[in-house]
Every structure is written in structure tokens, then in C-alpha cells.
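The following block contains the structure, expressed as C-alpha cells.
Going by the order they are written in, the chains are A, B and C; count residues from 1 in each one.
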Amino acid sequence: MAEIRALGIDVGSTTAKIVAVDGWGNMVWHLLEQADPRVDEQVEWFLLSAHEANPELIYYPGKGVEGIPLVATGYGRKLVQQATRQVTEITCHARGMYRETGHGGTLVDIGGQDSKVIAIGSNGEVLDFVMNDKCAAGTGRFLENTANRLGVPLVRLGEVTLSASEEVTISSTCTVFAESEVVSLIAHGVPLQPILKGLHRSLIKRVVAMIRSISFIAPLMLSGGVVQNPAISVMLEDELNEKVIVPKYPQLMGAYGGALIALEMYEPKF
Amino acid sequence: MSAGDWLRYTWNVKYLGPAALRINRWLSEYRSRKDPRWNPEYLAPPLRTSFRNKELVGRHWLEGRYANLNQKVAWVTSGAPVEIFKALDYYVLYPENHAAICGTARVAVDLSSEAESAGYSRDICSYARTDFGTLFSGKTPVGNLPKPDILVACTNICQTVLFWYRVLAYHFDVPLILIDTPFVYYEEASPHALAYVKSQLEQAILVAERVAGKRLKEGRLREVARLSKMASELWLELMERNTHHPAPISAIDQFIQMAPIVEMRGDPVTVDFYAAMLEEVDRRIEQGIGAVRNERKRLLWDNLPVWYRLRYLAEFLGEHGIVLVASTYTNAWGELAPMIDPDGGLDAMARAYTYPILNRSTWYKLETMRQMIEKYDLDGVILHSDRSCKPYSIGQMDQRDRLLKEFDTPALLLEADHNDSRSYSEEQVANRLAAFVEMLGA
Amino acid sequence: MDEDQALSEGINIKKWNDRKNSNFASFYANMPNENGAIEMSSTLQLSIPGRADSIRSFKANGGRIAGVLPIHYPRALFRAFNILPVEIWGPPGIDPVFGSAHLQAYICSIVRNALSFTQTKSFQSVDILVVPHACDSLQGLGSILLDFVSIDQPVIPLYLPRSGGMNQTAFLEKEFETVYQRLESWTGYSPSQDEMMQRILNEEEADQKLASLHKQRKNLSLSDIEFYRLVRAREFLTAEGFSEIAQKAHDQVQDQVLDGIPIILSGILPEPMALLEEISRMGGHIVADDLACSGRRLYPPGRSQESFLRMAESLLGAAPSWSWGSPIQDRLEHLLTMIQTSGARGVVFYNIKFCEPELFDLPNLRRGLQELAIPSTVVEMDINDPLSNQTLTRIEAFLEMIA
């Protein structure tokens, strides 16, 4: 494996990720795990794993990897003591996506607990952004909750949704009330697929509203854990009449961007 | 206007349009007899005069479509001194009323989304969001809204209209007349408050004249005020007919029938309309027909209606023999009738426009409710805690408390929104109403 | 988790609680020294008396305290009756239970907290409560305080005109006269025109010094939180006391300018004050403000020799704001001028949730800024919520964007 020159760690609310890049900014190694509330333990584990993947690296527990700058991003970034710098996930996602696609655009990131839309300029800079960080109804949690309640495994959520030929409108805006509305529909014998499609529609509509609130720059791009649900990109494309670009590793864009920013701080030792 | 414009206006507004609306009315009346839309088991058939309401309102909006061709247009708040503008031959449009129509037609949420896309928060009044939605998208169920030549906002219904109309002024770049009516915290408005309102009315006339390009004739103003007073008095009488048992016209029906008194106050047709309705209501009283067939309990509704759930409410309550007999909202347009004084000049006008219930203390509203409970022999009150209407909703929690403790009248606090169905939870409302109904012993 | 468990897991609970509480280390829970004063930064030799201290010493001299809710009111009028006006902005971080028993959930936290505050021990030092009118919620609050919620103190409403014409000055004059009459019957005292004019001149001087501090803020070498502690002392000090401190600060103006990404804060008030520390930590620096409690209330001196008229003129001369019914264009121009003179690179609109007046103006203001390529972001908060991760991330991302 090529030599690791910089690291990026994204401590999200649902998952934690680490990405290592080489001197040219290519992604050479990564790890993705469920987020552990004990952030410092998880970060230690990540750094240890990085050392194992690249044994020439010298690793100091509690301090980080010698000579390798680390940028921490995400919800828990302030708790990463080993970080050389902490940068918000907005800036990091923009960098990661720009490097990945080679151009700017409008990035939609639907995470477990928040969602954001970022307008990325032709040089990878953040031109504008909008976040939904107050309400679960615009996030993956909205679907997850109800899917759980209905006994639909998350991995099958997208496929079941896309199989629906009809759709039921869910009018509740609140996640909790939407759940009771869904339960009520099931009790009245409404089949599962149209309900799931309606739920997805609610989420998509909320995301579209966010996209509309900033000036749209083509193309439309998608990142975040929810991308694993194929229904999301299909319905988003449909709603906006725009092709959606999904990167190879949609969940790693934040950590990747962080690593790229860290790379700028790398100083070769002679 | 050009010859072509004149032709378009005359043909559409004077001939084709009214004819179409008249035919539509006959069809509606016929259809209603064959297939009633409201549940006949619990509810009386709609008043025949209500079809004329649709025709009148239809004509009003039809005129609106072509108004820019024919006359100056004023967009006004529901509490504005409309008589001045009518007397200057403005076409008067009420964005609030248009928004209510959108609410009833269930298109308000769609329009609100347009406003939200333009950056407006969901925490602002749903009427304003609906209005902005039409502004930015052009979509409206009434065909087409004429552009305003002047905007008139009077704060006697709320302070929010001030901010709302500032947005409209920015968007249309036309003069905005503000009538700032100081809130009446105590029993009477202070003399300097009334003087302030009067001086603003004087200013308003000057600006209105300038934009209209003509002078306001005192005689004409007096005539319009007279018609306004007549219509308001008829409206008051109409509501007071509900002191009878059973009540002949429910408050829900009143919400719909109030359109002419709000948006065509000062027109001769409005006087005729309410006179005809009063006659029909009197016939019902003679025949002992109540709005609800098996009237067992009589309630008061406080605050704006829930425009997109009127039928549901009527049927749910009707099923249990409960009728909404009166409402502080519809009452607001009759309550001031005695204060309208065509010969009282601007002093009287200043009083009439400073004293609407929404410009008065929370104690005054409680007292008004108490008087209505007594007058109409009511068993309970539904307080609609309207998320979009803070001036009307603040105080309800204490009013509810006192209605129960001091007047021994059960009161339900119902959380909803007058125009945004997303702030309305079907389950919650049904539950609360059911519990309240049980509490009333109906 | 219980303390034993926590200790065994090596977590310091006290440190955790301290960290949590530090979010409420706001303006109202000032960390005073033994004299009750707040020490400022070591670069500036300044000591500001605390709120409680100011109240205590005024009362010790036989004066009374008027608790005043947002936004505008005639300070001089109260001082003429030997009443010290002390402003109540929230306060933040108090238990809103009482307020919630009378006000629905969609009423803003400033109004709800004000109502809740009337039930606290601190409020007992207030002798009379003044409720100015500005929006529907303050209107309703004033009304229910008069009608339904009984408190020991008399309540005085004050209507502020918004018609923008000549007649509004005449109205405000008369409204002040009415307040005079109420205070007269309450205190039994009738200050003369001369006495009032003297008070007016004191207040005008303090206001001028305050405006000067705002203009010179870059050269004061005070951090943002220190600056706001200084200027917000106007909310509870006597005019004379404030003038003295402002002068001391002014005398220590330096050439060196504090660095940091320059931004403007626009909204109602900078609470929790810990926000200001966070902005500094993130590398930002507030170079001007459009806050209802601060930058929007820099009153110019009046002109008339007649005291009521003079007070009205002064109040009505403040910056454009919805509280005076100002056109949006005026607000936008004011903001743009501010950006130009201060060199700010962006605007953070820091809103209180449910504050409708601000929300109506916002989209057009943002669009106007956008047309001139001036970035802005919106943050919403409830003054009872601690600074959330989300809020901080938003501001931080914005600073990264404009850096």
C-alpha cells in the first residue's frame, strides 16, 4: 500500500469513519464502524488500526500518529484530542466530493440525525449551505424509526419501497406523529409498500425544500448513510428531474475531505 | 383604458361571467337537493341563500381578475377602514380572505411550500405564507389576482399584518398606508390614541386620493358607511337569531356566510344578501328547523375557524347533537355595527376601527364570551388555540381556566392552525373533541 | 449513571456538570468578585458593577426599581421619579414552567421567560413592571399581566407607535405623559420640566457614549463577550454610572485592532453569552451588530426643549427596525452601510424561535445581501436551551466558508 500521509476522522452520530490518504490525496485505506459514544476509545482503536495497516507509522497512544496530520470532523469532532485541527463536516464533505467527482455541484447529505445541502463551487469551495439539524423528520432517523416499528429490515427498505406502484400521503410532519399515523393506516388495512413510499416521499419533499432554499448548481450529488437506500436517489431524481451522482463511498466523503485538508498540513521530514 | 380593454372588461365582468355564475348557482341548488353533501342525518340542509353567497363571492373575484383594466386596486387587511377606498371606487381585495379560500380549497399547504422555498419560515402566520405562495407562484383557485396600486394595513387585528404588508410593499413597490391602532389595554382607548388614529385616517385619505387621482366626496363616503352599517346590523341580527332553540344557523355556516360582510362591506348587494338570508332564517325558526337536527348542546367557538376541516367539525359535533351556536370571530363583524356612524365623520371612524375585539384586552374577550354564553344559553366553549394567530390565542389558557372556575362553563383548548393542515393532528383533535363531548354529557 | 459507577469509569461528574452549567454562565449569572463587580480583561483596566449590586445601591439611596421588558422605553422619565429602570431580556436559563401554564408553546422564549421570571425571588427587588408594546406576544403578555396573572407589582403598559408619520411623535409624547401621570399617582411625586430635562441630558450623554463605544469597538481590544458585558451594562446601571465606565473604556482606546473573521450579528439578543466566547474560539469577531437589545437601540439626542417631546424624538431616531414598522428597504440599507463601514465579511442572523417580526424581514434581507455577494446564515435558538452542537457547527461552518 502507498504510504499514508494524512488522516481524516468523521465522528458521526450513527457511524464513525477514518480515511487515510497518500501524498497525492488518493484514498488508500479506511474503516467504518457503528459510532461508539465513548469517542476517545473509538478514535484510539481507529489509529491503532491505521498503524497496523501501515506498520512503518509510529503511533503514540493518546497523542496520535507521528508526523501524520489528522483532521477531525462530524458531530463528535471536538472530542478528538489527537486531531491536529477540527473542521466542520460541511467544509469536509465539500472537499471530499469535489476531489471525488472533479467538479462542483449541489451535495445532499442525509445522515442519521441531520441532513444538509451544500452548494460547492467550481474550485471545491463552499458557496452556501443549509442544514436541517433541529428535526428528525428530515433525516434517516425518520425512516429508520418507522421501518423498525413495521418490522421491515433497514437493508430491504429501499427495495420494498420501490416495489410499490401506489403511494399513500403521510400528512404528519413530526416523526412521532407520523409513526402513529402509519400504525393507524396499517390497522385500517392499508398495505405496507404504499405507506413506505409515502414516508419516503415526506423525507424527499423536505430535502427538496432545502435544496430549493439555496441556488441550485448542477449536478446533484448525494452522500451519507441513507444513500444505501436505493429508493432515496431514485425518488430524488424523480422529484427534481435531475440526475443524481453518488460517489463510490458515500459514507466516507466527510472523513475523506478531512484527510485532504489534513494533507495540506503534512510536512515531509528529511 | 383602451377600447380593447373596455371590451374585455365589459364582456367578462358584466355579461359572460355573471351569467356563468348564475347558471352555476342554479346547478348547485339543483344538485344539492338531489344529493346533499353534508350529512342529512344530523345536519339541516344548507340555506338556499348560501348558493347566492357563492355567486356573489364568485362575481367579486371575477371582477378582480379584470380589475386592473378598469379601476385602481387596493389590497387591505380585514380590519382596515375600507369605506374610504370603496368611496374612491377602488377594487378592494383582502389577502386574508383569499388565503381562507385557499385553506378551504385545501391548496394552502402547497402555496405555503412555495413561500417556504422562498425562505419564509413555517413559524409565520399561515395566511401570510399562503399569500406569499400565490405571490411567488401565481397559483390561485380564484383565477388571477389583480396587482395592487395601494396597500392598506391596519393593526387592529394583529401586529403581524404590519410585517406582512411591509413584505408586500417591498415586492410590489407601491405606497403602503399604515393605520396603527394602539392596543386598548384598559376599558377605554385613551383620547390621544383616538386622536392618533384619526390623524392617520386623514393621512390615509390624502394618499388614497392621490393614488386614485380623484377627491373623496363626503356624500359618497357617507353613503358607503351607511350601507356598511346596514349590512353589519343585518349580520348582527342574523347571529342573534341563534338565541332561539334550536339555533337556525350554525357558527360553521356563519364562517362561510361571512364572506360578503368581510370583503364586500359597503356594497348594496351585501345588504340585499343578508336581508334575504335573515328572511330565510326567520322561516326556519317558524318551522323549528335547527342547523343540527337533534340539538342537545350549544357551544361557543373562539378564534378563527379551521378552514380545511369545517365539514368534519360540523358532522362530528352534529352527530352528538352539538351545535356551534356562536363565535367571537363572526361576532367581531357585527359587534361594531352600533359604532359605525355615517354622520360621525372621522371621529366615529377612529372609534369603530380602534375597538374591534382583537385590539382589546384579554379581559374584554373573556367578558365578551361570558356575555355570549348567557345570551345564547351555551353549554361550553371550544377555544381554538391557533398556532398562526398569537393575538387571538394568547390569554386562552387563562380564559379557559376562568370560564370553568368563575362561570362554571367547560372549555376545551383545541390546538390547530386556521390554514396549515400540517399543524393539525387528526388523531389528537378527534380524541380531545370526543373527551369534551363526553364531559358535556352529550 | 450513578456517581459510584461514574467514578469507577473514570468520569468526573462534577466536571461534566460544570461544563453543562457554563452554558448558562450568561449575563445574568455573572461571575462577580467579592465586591460584586465583574473584572474585565487585564488589557483593559475596568470594573463593572454587577446587576444585583446596581439595584442594591440604588435602593439603599431611597430609590425604586422598574423592571422593564423589551424593547423601547424612556429611561429619563423613570429616573425623574427616582426609579431605576432595569431591563429584563429573558432572563435565559430559568425554569419556564410558570410561563408555560399561561402561554402556549408557540410563544417565544423571551416572553415566556419574562412571565416565569415574575415568580422568582430575584423579581422581588422590582417595584413596578413596565411592558412596552412591540409585537403580538408582548401585547398579549402585557394584557394577561393586567387581567389574569396577579403579581404584587403594578404593571404599566406602553404603546409604541409605528405609523412612521409626524403624528406618531405627537402620540408618543402623550403616551409618555400618561406614564408620567401613572408614576405620579404611584409615587406621590411630580418632577418638574427642569428635573426631567436634567435626567434627559444625563441619558443622552450615556447614549452618546454607548454609540461611541459601538463605533470604536475594533479599537477597544476587548473580546466579544467583554464588549457585550460592557455595553449591556447600560441595561441596569444608572446613566451616570454607565457614562463613567464608558468614558474609562474610551480613554483606553488603542490603535491595534483585534483580528478574527469579521462578522455582523443580527437578531434580538446575544444569549446565551457563552455564544460570544465560542465565536471567538472559532476565529470569528463581531465587528458590528444589528441586535434589538444593542446595535438597534442607539438613540440619538432629541432636539426639543420640551421634555416629553424630546424623549419621543430620541427614541424614534433609533435604527430602522420592525419595532418601529420600518420598511424592509431601510433595514437592508442600514445593514449594507454597517457592512461597509465595519468591513464585515458576512452576517449571522441569530433568531429567537417563533419571533415572527424577524422572520418576515429575513428572506428579503438575505436576498438583498446575496445580490451583493455578501454571505449570511441563519441560526435559531430558544434562550432556555444550552448552546447546541448544531448551532455551533452552523456558525463554525459559516466562518470556514467566509474565511
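Points to keep in mind about this one:
Following the convention adopted for this analysis, a contact is a pair of C-beta atoms (placed from the backbone, for glycine too) under 8 Å apart; a residue touches a chain by one contact, two chains touch by 3 or more.
Every value quoted in this text rests on a predicted model; they were computed, and no experiment measured them.
Chains touching both subunit B and subunit C: A.
Closest to the middle of the protein, by Cα centroid, lies chain C. Separating the centre of subunit A from that of subunit C, both taken as means of CA atoms, is a distance of 39 Å. Each chain gets one centre point, the mean of its Cα atoms, and the points for subunit A and subunit B are 48 Å apart. Residues of subunit B in contact with two or more other chains: 119. Interface residues of subunit A facing subunit B in the complex, by the touch rule stated above, are 171-173, 177, 180-181, 184, 209, 212-213.
Across the complex, subunit C is touched by residues 118-121, 123-125, 128, 155, 158-160, 162-164, 166-167, 169-170, 176, 178-180, 182-183, 185-186, 190, 192-193, 195-196, 199-200, 203, 361-363, 366, 385, 387, 390-391, 393-399, 402, 415 of subunit B.
Those residues of subunit B that touch subunit A in the complex are listed here as 113, 116-117, 119, 421-422, 425-427. Within the complex, the subunit C residues that touch subunit A are 375, 377, 380, 389-390, 393-394, 396-397, 400-401.
Chain contact summary for the complex, subunit C toward subunit B: residues 101-104, 106-107, 133-137, 139-144, 146-149, 157, 159, 161-165, 167-168, 170-171, 174-175, 177-178, 322, 325-329, 353-354, 356-357, 359-364, 366-367.
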